[in-house]
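These are the structures in question, set out in turn.
Two complexes come next, and they have one chain in common, chain A, joined by chain B in the first and chain C in the second.
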Partner chain A sequence: MSFTRVIAVARKETLQILRDPRFLFLAFAFPVVLIFLFGYAITLDVREIPTVILDRSNSTHSRQLIRSFVNSGYFSEIARANSEKEITELIDRGEAAFALIIPFDFAEQLQRDRAPVLTIADGSDANTSQSIVAYSRRILTDYNLKRVGSAIGIDVSKMRVTAQTRFWYNQELDSRHFLVPGLIALIMTTLGALLTSLTVAREWERGTMELLISTPIKPVELALGKLLPFYVIGMFDLFLSSAVAVIIFDVPFRGSLVLLTISSSLFLAAVLSMGYMISVVTRSQQLAYQVSMLASFLPGLLLSGFLFPISSMPKAIQIISLAVPGRYLIDILRGIFLRGAGLDILLPNLLALAGFTALFAILAVLTFRRSV
Partner chain B sequence: MSFRRILTVLTKEIQELLRDRKLVMIVLISPVVQLIIFGYAATYDVNNIPTALIDHDHSVASREIRSALQSSRYFDIKYYPESPGEMTELLERGDIWVGIEIPPGFAEDIAARQGAEIGVIIEATNSNSASITAAYLEGVLERFSRKSLLGFLKRNQTMTGLIPAQVESSLRIWYNPDLESRNFNVPAVVVQILVVMTLLLTSMSIVREREFGTMEQLVVTPIRSTELIIGKAIPYGLIGIIDVALILAVAVFYFQVPLVGSLALLFGTAIIFMISTMAIGLLISTFSTTQQQAMISAFFFMMPAILLSGFAFPIENMPESIQYLTYLNPLRYYVVIIRSIFLKGVGIGPLLSEIIPLTVCGFVALTLAALRFRKRIR
Partner chain C sequence: MNDLAVTVENLRRKFGSFVAVDGVSFDIGRGEIFGFLGPNGAGKSTTIRMLCGLLRPTSGEGRVAGFDITRQPEKIKTRIGYMSQKFSLYRTITVEENLDFYAGVYLMERRHHRDRKDEFFRQTELGAFRNRVVSSLPSGARQLLALFCAIQHRPQIVFLDEPTAGVDPTARRYFWDKINSLADEGITVFVTTHYLDEAEECDRVAMIFEGKIAAIGAPAELTRTRFKGRVFRLGVENPLQARSLALTLDGVNDAVVFGSELHLTLGDAANPDTIFRQLESRVSFADAPVLIEPTLEDLFVSLIGEERR
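Up next, the complex of A and B:
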């Protein structure tokens, strides 16, 4: 392998990129713009669930119950309904996600054995409704306990089992800390595959591949030369996005910068060689684009653990997710940023990425040789 | 506008598409495969939370806590570590999400009515799962407290009469009674697959002609720009409709997502939606000089469009300025439409407030694409 030939190809590729200012701008600046936008825009936090209340009892007891819901901080009353029809309408239109209905005889029932109330959750938003179930149950149990306590004149806070809970790695439970490292990984996965997927296909489409083949360059040299400029762009983007995450969004950075550099390099090597392989196999830009999008974006979004915990997926899907490079980077970034994880914990992820790189690189070079 | 000329472009485009066997395969098979995989993956459900428990007390009360946790179906006690250090290690390696420590003297504290406390550590990297986990855990503890308190009162004959009535709620979950997050997410995944399939293909369509140098040939023919645009869009639209049929079939028959509303309405709105995404694709195509540019522009439209569509992150929680921005996003409307039709079964009436802006989006993008395109030719 000749180093000069690699550099020559890299220079040609760099010149081509530099000649297209728009592409350059998009590749360099846009990932950071996206992190900015999403960092502000997206959050999974469920609080102030819009609640509609129908109080038919209108007694001191019912008002007390309503207060314990509203004062909990989880539910915020957006409307007082006069009929069940109004409640149906509000939930149908998606304006309310939770309804509390207190029947006429609530106060009388409370003098007896049990007093039923009706609660309705909008189940079409699964994330919110899960929280609604958990929160509303808690509030009711708490309310009942206090009633028992005040009836027999003892302080229930002395009688209950409480949890002294510590939230590790993300004390304020800020979903941004969880999402921003994932976003960096998602953007880099897709960008890495996209940037390179066209590079060989374009040479075929434009007929310049024949020219390249007639030069003494070897397939490995061509691949390295073509990937080098994209590697530089990718590393630049990764560091800039990480800086934005830490400086603007206060995502803690507890791990080591060296480890971040090593793992980002390995990751980029994996996705860039994947993109390169796609490019070699497809030979058409439209097809290369479609394939690399399918291979990177949606799997990166849905199978990587970015949003949906991998451990909750069925076993078969968990196995498929092993083939998604983004999953390893997400693990690594969250580990380095939030948990301050070291090499010993992240090693399996790094090895997986190295395996990917080797596999794609060998496949790409072999296919290339055959197609020439 | 001449129908014959549109037909000619249409035939040419379809022939070009069909010649690319690999592309046809991808366009027809991949959406189905994707939906099957992603349909399983997209779940928020928090259950079987991997848990570790240290019981320093070894009492009846601590065993009751353990069985209360186990029978709650949320917690799966996988490890019984010997020491807090061991538990920390499990947590650091990500083997468990929750570590619970019952201190020595726990049962005595309860008996002495002084309030008992247990130590809990939750791995909160995923803040969402962590707060749900915490709420479940407190629910378990409060039910335990209530039970033991009531038990105490019942044993104490003099106090039995004083126990007040308990408020009980019957919780109804509308539209999705089993709280199956798949029913909520599969329709959204349908939208995402549709965008990827339609927007990407069309964004390359015109710029391809330019890069291949065949655009000049098209320009010298008597064809008008609108005719060319329509002729180019229709084949992709047909592909889109086939894709819609395929993935809806998977969603309904394979995943058994209840389709409460009307199938015709679902299809009709899907077509309006695809027109808008294809129009945006064409618009990107007219703005680009190389396929590479078109590709990266399409990507940078698509990614925010998907993440800001409300499929996972509620739009109401976004800052106001960004909420306004989402009004330009056709996905925003279609995610609401498809979920409402699937889960709520609403008719066309309540959906008009989504369908009209969606149509406007498509119309504006299409007009812009045609205008831009005319300018480029001259």
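Up next, the complex of A and C:
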């Protein structure tokens, strides 16, 4: 293998990237767009649920109940309704996700033993409505306890067994802290596979491969030379998105920078060789683009644990997800960012990534040799 | 064996049921300029691509620079230069960046590369385009660049596939001067063309038609030994009409139009006077018929005619 040839290819590839606005956009603007989009738009937290209230009782008690809903921070009153019809309209239009209806005899019923109130949650978003129902139950339970306590003259907040819950590694339970490290992995998967998948295909398409394969260049020299600039871009994107995560989204960074660099390098090597292999096999930019999106973005989004925890997937899907390199990096990144995990904890994931790298690299070089 | 740069024995290549190259055999001596002539689709590029190790032959044997084309293509690739028919340099980078890239790929010494590059930029119009992106070059300049990319590392053998396609006549002169000076340096040149006037520049030519070699030899010798009949040149007002008329006459083997002139090939037994009298009664002659030396083009047309018959 000749180092001179690798450098010659890397230099040429870099020049081509720098003169191609399409590549420049994908390499440098796309990650930033993606991280802001996901960082700001996607949140799994349920807060300030738009709530409409119909208070028929209009009593001290009903107002007290309403206050405990609104003061919880989970519910935000957007309208006071005068009829059930209004509630239906607001929920239909999607303006309200929750409704609280207090009947006219609420105060009187409260003096006896039963005081039903009606709560309505928009069930079209199943996940959110689950959380809404849980929050509303908790508020009602607290309300009942307080009433019972004051009736018998005891301050219940001092009496009952209270669970002091602490969310380790993500104390504010901010879903961004959980999403953004995963997002970085997703960006690197997609870009790595996508950008490299175009490079070899483009040479076949434009006819430049014809001349290149008449030269003594070896498949491994070509592969290394072509991947080197994309490795640099990938690492740049990694540090850029990490910086955005820490500075703009306040994601903590508790682990080691060296470990971050090593594991991301391994991961990049794996996805870059995967993209390269796709390019070698497809020989067309259009097809390479589609295959690499299918092979990188979709599994990266759905099967990597980025949005949906792998442990709650069906067993069969869990086994399939073992073949998705992204899941290992996401584990590693969450470990490094949120838990400050060290090498001892991350080692199995690192080994898995090293395995992928070796597999794809060998396949990439072998498939190329056959196609000449 | 040592004096032969290329030897080819019964080389064949099929694409599906289509036979692109159908059992060609030839040898090329070291330092020779060897021309491969034939129309598009005759099998010229397919032969070159097999010799450069880009395409595996279906059957047959070949050696380039002493190495087997199927078993040792990697050895061959370090000793050859190739200019493909379709332009295949990088369009989005500059002229100089392309040259630097290929110099790196061929592991050229930096000093040699710089000297040859400077000389090339001094000698040709490309000096003005040095830092221009390739896609903005006129087609003649692109061909020049491709030629230089193929020869800057001084290969033992250079394969040029239609190098002068789309090049204007003055620039074509530069190409052939360059090719001649390469041969003087001892570099073997394998060149394909369909400009038959260029073929006269070659030491030897092979005429290829439908995958087979129809004739092979030095241009002058070929027209002398392989051509049957006599060629007459005459000026006529309507050459196309005259041609179709002439072809109906007994003793006329071939009639080819060259601009406003007609070349008539008459069989050895035919009487020219009778034929021209018959012809002149139907079309008017601008110039009287003259007996001429047959050109390669005349030979080629007659060989193809023979093949077809």
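In the analysis below, the second predicted complex is superposed on the first by the 354 of 372 C-alpha atoms of A that agree within 3 Å, B and C clash if a C-alpha of one lies under 4 Å from a C-alpha of the other, contacts with A are read in each partner's own complex, and residues count from 1 in each chain.
Throughout what follows, a residue touches a chain if its C-beta (ideal position, glycine included) is under 8 Å from a C-beta of that chain, and two chains touch if they have at least 3 such contacts.
Note that the coordinates shown come from a computational prediction; the quantities given were computed from them, not determined experimentally.
When both complexes are superposed on chain A, chain B and chain C end up sitting side by side without clashing.
Look at A:116: by the touch rule set out above, it reaches chain B but stays clear of chain C. Residue contacts after overlaying the shared chain place A:105 against neither chain B nor chain C. In the superposition on chain A, A:20 makes contact with both chain B and chain C. Of the two partner chains, chain C is the only one touched by A:214; chain B is not.
Once the two structures are overlaid, the count of chain A residues touched is higher for B than for its counterpart among chain B and chain C. Once chain A of one complex is fitted onto chain A of the other, the partner contacts of A:77 are absent, as it touches neither chain B nor chain C. When the shared chain is aligned, no partner comes close enough to touch A:86: not chain B, not chain C. The gap separating chain B from chain C in the superposed three-chain model is 10 Å, by closest C-alpha atoms.
Shared contact residues of chain A with chain B and chain C: 20, 206. The part of chain A that touches chain C in the complex is made up of residues 2, 4-5, 7-9, 11-12, 15-16, 19-20, 206-217, 372. Within the complex formed with chain A, the residues of chain C that make contact are 52-54, 74, 77-78, 80, 82, 84, 86-93, 97, 100-107, 133, 149. Residues 20, 22-23, 26-27, 30, 34, 37-38, 40-46, 65, 91-94, 109-131, 133-138, 140-145, 147-148, 151-152, 154, 156-171, 173-175, 177-178, 187, 190-191, 194-195, 198, 202, 205-206, 282, 284-287, 289-291, 293-294, 297-298, 301-303, 307-309, 311-314, 316-317, 320-321, 334, 338-339, 341, 345 of chain A touch chain B in their complex.
Remark: chain B residues 20, 22-23, 26-27, 30, 34, 37-38, 40-48, 50, 65, 91-94, 110, 113-132, 134-139, 141-146, 148-150, 153, 159, 162-177, 179-181, 183-185, 189, 192-193, 196, 200-201, 204, 208, 211-212, 290-293, 295-297, 299-300, 302-304, 306-308, 312-314, 317-319, 322, 336, 339-340, 343-344, 346, 350 touch chain A in the complex.
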